[in-house]
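Note sheet for the following structure.
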Amino acid sequence: MNFLSLHRKIERHSGLLIFGILVVSSIGGLVQVLPIVLDDSHSAPAAGLAVYSPLELEGRDIYIRESCSTCHTQQVRPLLAEVKRYGPYSRAGEFAYDRPFLWGSKRTGPDLARVGGNYSDAWHHVHLLDPRAVVPASIMPAYPWLAQRDADQGRTIAARMRTLRMLGHPYSDADIAAAPAALEGETELDAVTAYLQSLGRSMQGTPQP
Amino acid sequence: MADMPSEFWAGWIVVITVTSFIALIWFVRDLYRAGDQDTGREDEVWDETLREGARPAPVWWFWFILALMTVSVVYVILYPGLGSYQGVLRWSQGGRIAERFVDYDAQFGAERRRLQALPLAQLEGDSDAMQSAWRVFNNNCTSCHGRDAAGQARLFPDLTDDSWQWGRDETQILETIRSGRQAAMPAWEPVIGAQGVEQVADYVLGLSAGDSGSPANAEGSALFLQFCSACHGPKGSGQPLLGAPALDDEAWLYGGDRAQVIRSISQGRNGVMPAFGSRLDDAQIRLLTAWLSAGARIPDER
Amino acid sequence: MNYEDRIVTAFTACSVFWAVLGMLAGVYVAAELVWPTIDFGLPGLSFGRLRTLHTTLVLFGFGVSGLVATGLYSVQRTSHVRLFAPGLAWFVLYAWQLTIVLGGASILAGWNAGKEYAELEWPFDLAIAVAWVSFGVVFFGTIARRKMEAIYISNWFYGALIIVVAMLHIVNSLALPATFGKSYSLFAGAQDAVVQWWYGHNAVGFLLTGGFLGMLYYFLPKQAEQPIWSYRLSIVAFWAFVYTYIWAGPHHLHYHSIPEWVQSLGMAMSLILLAPSWATMVNGIMTVSAAAKKLRSDPALKFIVLSLAFYGLATFEGPMLAIKSVNVFSHFTEWTIGHVHSGALGWNALITFGTFYFLVPRLAGAPLYSARLANIHFWLALAGVMLYVLSMWGAGVSQGVLWLSLDKLGEVRFSFNDVMAAMKPYYLLRFIGGLLFLAGAVLMAVNLARTFSGRRTVVVAPPPAHAAKGLT
């Protein structure tokens, strides 16, 4: 029995071909993905990592809605110049409550993993509504509608938090019950700003790298 | 130390990887060993002219994939890859960056410490240092204060003038950068009413124009003395300790037209300067301080 | 009993439509990076949403429709039977196109699962799964009923496309719905990243590479009227490709917060991947070299040969970018965008164009409306892709070097904003390149539509059983 004659069998039998492709194409995933997904150490939150508040969660979901991660990464690599530019490099434990992860794959704009606390809320407001008012060379889109829309227009914050709780995020009944009121009177602009200010929070004050 | 899988998964990774890899090698070798026999299907016509050629796979390709496999095997011997095996080099991401910081200190540390210890005036005269200082500013501060440091958006103050609400001597600048600032001008409309706000606005606009205590606006003057002078001083000369800006000059952070001044008084202002103490190191803060106190001039790019 | 070709025509027409629309969206977002205010403050024209629409339309509209069209065309002819369950095939057509139309609209409306190249929300994920499995049933059903003893090479690749993409799509889309338009991934953070790039890289691997290799193995020898150079090389290329590709995902996460061992295995396998990739390229080039004369006159063949060159280039560039020390400079930069487009425009789009120039006249039973237009398209496409790739290389290498550069005192030398501002000329060139490429695609759409409007009823029957080496 050699592989060539095995292949001759496979290519004469559609069931075998399907089976063969399935087996061979699964190997990589079985080695690389399965251990990562099933090993709990990769989902353990970092010390001091807080779950997103309702306003921050709303902001995060808007960040996803607008596909911000197309242009902004949230991942500081352990490279000297990158740590010098952005701050301490990213740790897996910082992302335990990130569903989905938003590391991105392209830096058209700067990395945001350490942006929390780096600017005042007022700056974020101006910048989101008109980026070129503060960064003249910016090519970021303006997001004027964020200021015009109330946060959680669909009144779904409680449903979203309950879903996340099923996935293991530590929201209490009281947290969920209080969430709609917490978003009362806030705009989407406030929500996105709150989310941005939360980025890198658990690593704040960590000396480099 | 690299981030390693648990014992069970380590075994899983090693067994499946090595077995499947050997199977791939065996498969490739087998295909070439079969030589010229059993290749022919040239007479099979799939579709009109579509046939399969009987040529054996070229020998160079065998060596090509073998070479790539060898490189890969050597790589996972040297670096962590096979389960919890750390690799001959015992390399890890954390270890690498720690080493780079040691190298960084060896290369730049002495010079940075020397500059940090210099008196401000001397530091301002060092053109290399000022070049780097401008870069620190450009990397961290321009998004708010503007590339020319002249302030932006009527929210972020001009750093090229003399009107610094938190003060512009060495210790004040250091403190502003390191710990940040939070202004606390309350909203006055609930206290003094809309009319009172307008009277005070007219009064401070008068101060700004050099017209102190115009008798025509006695109400404004009285309200100012009662409610504003505690922070801004009886003559509106400001109090850097509280971040209360001087009102007797022409600099207006939030805009000096009447509507803006009324807005500032009625609703208050709570400007925030973030703290950079944990983002910038002492040398960077020192460089920035020197560059700012020297007038925030952009050096020629070299 | 004739081959079921109307379904092929329908998928081809959809593919051409999505190509033009998807590339138009691409050109528009490229323009937005030069003139950021041309979204006019409209959410639906905003870069993030429109770019997501662009990738969705070109990948799943243009790419997949083209693959299904060519797959269904070639599987019948290489199996010598009519399509299995043609009714189901028409269901796939309507389900798939409806998913793209509604899914595209949902992205513009702000539905987004947040995972790259899998942004459609869970109701669409379900629809995709159903349509995809149905496609698999039609395809493998046809193969199961074949009159040929063996399964032809192109069908191995189309088969791998169907099986592996199904596996990737289902696992990567696992999510818990919170509302009808919002779900949260079953995986979080670093785990989600590893799953996502296992999906993301192998969507490239088995859709943009494997699927299109199926197209290559049928349409290249057909057009060249030459046998595939080496059947033996195809075997090793196929199995080595299926085995190796699936490991390469973690090279998208070099130096990220995932364990080092995954990154190392990803890099090691990415290097090996060069061998099966180039095996196919060599197989293709040697096949066509016997038909050099036809290459001069046949625009369809010119497209396919050029696509092979870009395939060779992109599959060389890929392993190089997967080397960690290169990746340090290339990652997160425009270089990645250039690499993707040298593959997606240079390889996927060009081979599809060439195949359509071959296919549509056959489906229409009429000669191509204008070979001259097709030649103009060829040069527009070549100029467009070169301009695109070269400008992104320039931009990407600059970003990589400038971002990591330190000055004499160890300070970061260039601010992010200054580097970004310096990208403007590259972005402008990229926009022009994209525009040229789009213009070519529009010419093709016109050319193919005119060809089809001159059609005659054409039916092709499988050869009689004795002509083939039937099942004995």
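Letters are used for the chains, namely A, B and C, taken in the order the chains are written, and counting of residues starts over at 1 for each.
Throughout what follows, a residue touches a chain if its C-beta (ideal position, glycine included) is under 8 Å from a C-beta of that chain, and two chains touch if they have at least 3 such contacts.
Quick caveat, the model's predicted, so the values are computed rather than measured.
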Contact graph of the chains (line, ring, star, complete, other): complete
Selected interface, B-C versus A-B, where C-beta contact pairs are more numerous: B-C
Distance from subunit C to subunit A - Cα centre to Cα centre, in angstrom: 26
Centroid spacing, where centroids are CA-atom means, of subunit A and subunit B in whole angstrom: 19
Averaged-CA centre spacing for the pair subunit C and subunit B, given as whole angstrom: 37
Where subunit C touches two or more other chains, by residue: 150, 235, 239, 243-244, 255, 258-259, 265, 269, 410-412, 416-418
Set of subunit B residues in contact with two or more other chains: 3, 5, 13, 17, 20, 27, 31, 93, 104, 139, 142-143
Residues within subunit A bordering two or more other chains: 4, 8, 27, 31, 78-80, 85, 89, 92, 135
Residue numbers on subunit B that touch subunit C, as the complex places them: 2-5, 13, 17, 20, 24, 27-28, 31, 39, 41-58, 61, 64-65, 68-69, 71-73, 75-76, 79-84, 87, 91-93, 104, 107-108, 111-112, 115, 128-129, 131-132, 135-136, 138-139, 142-143, 284
Residue numbers on subunit B that touch subunit A, as the complex places them: 3, 5-6, 9, 12-13, 16-17, 20, 26-27, 30-31, 33-34, 38, 93-94, 96-98, 100-101, 104, 139, 142-144, 146-147, 152-153, 155-156, 271-275, 278-279, 281
Touch list for subunit C against partner subunit A, complex: 32-34, 36-37, 39, 41, 43, 46-49, 51-52, 110-116, 119, 140, 143-144, 149-151, 156, 159-160, 163-164, 167, 171, 176-179, 182-196, 198, 206, 235, 239, 242-250, 252-259, 262, 265-266, 269, 328, 331-333, 336-337, 399, 403-406, 410-412, 416-418, 420-421, 427
Contact set on subunit A toward subunit C in their complex: 4, 7-8, 11-12, 14, 17-18, 21-22, 24-29, 31-33, 36-37, 42-43, 61, 64-71, 73, 75, 77-82, 84-85, 89-92, 94-110, 131-132, 135, 137-145, 154, 156, 159-160, 162-164, 166-168
Of subunit A, residues touching subunit B in the complex: 2-5, 8, 27, 30-31, 34-35, 38-39, 41, 78-80, 83, 85, 87, 89, 92, 114, 117-123, 126-127, 133-136, 204-209
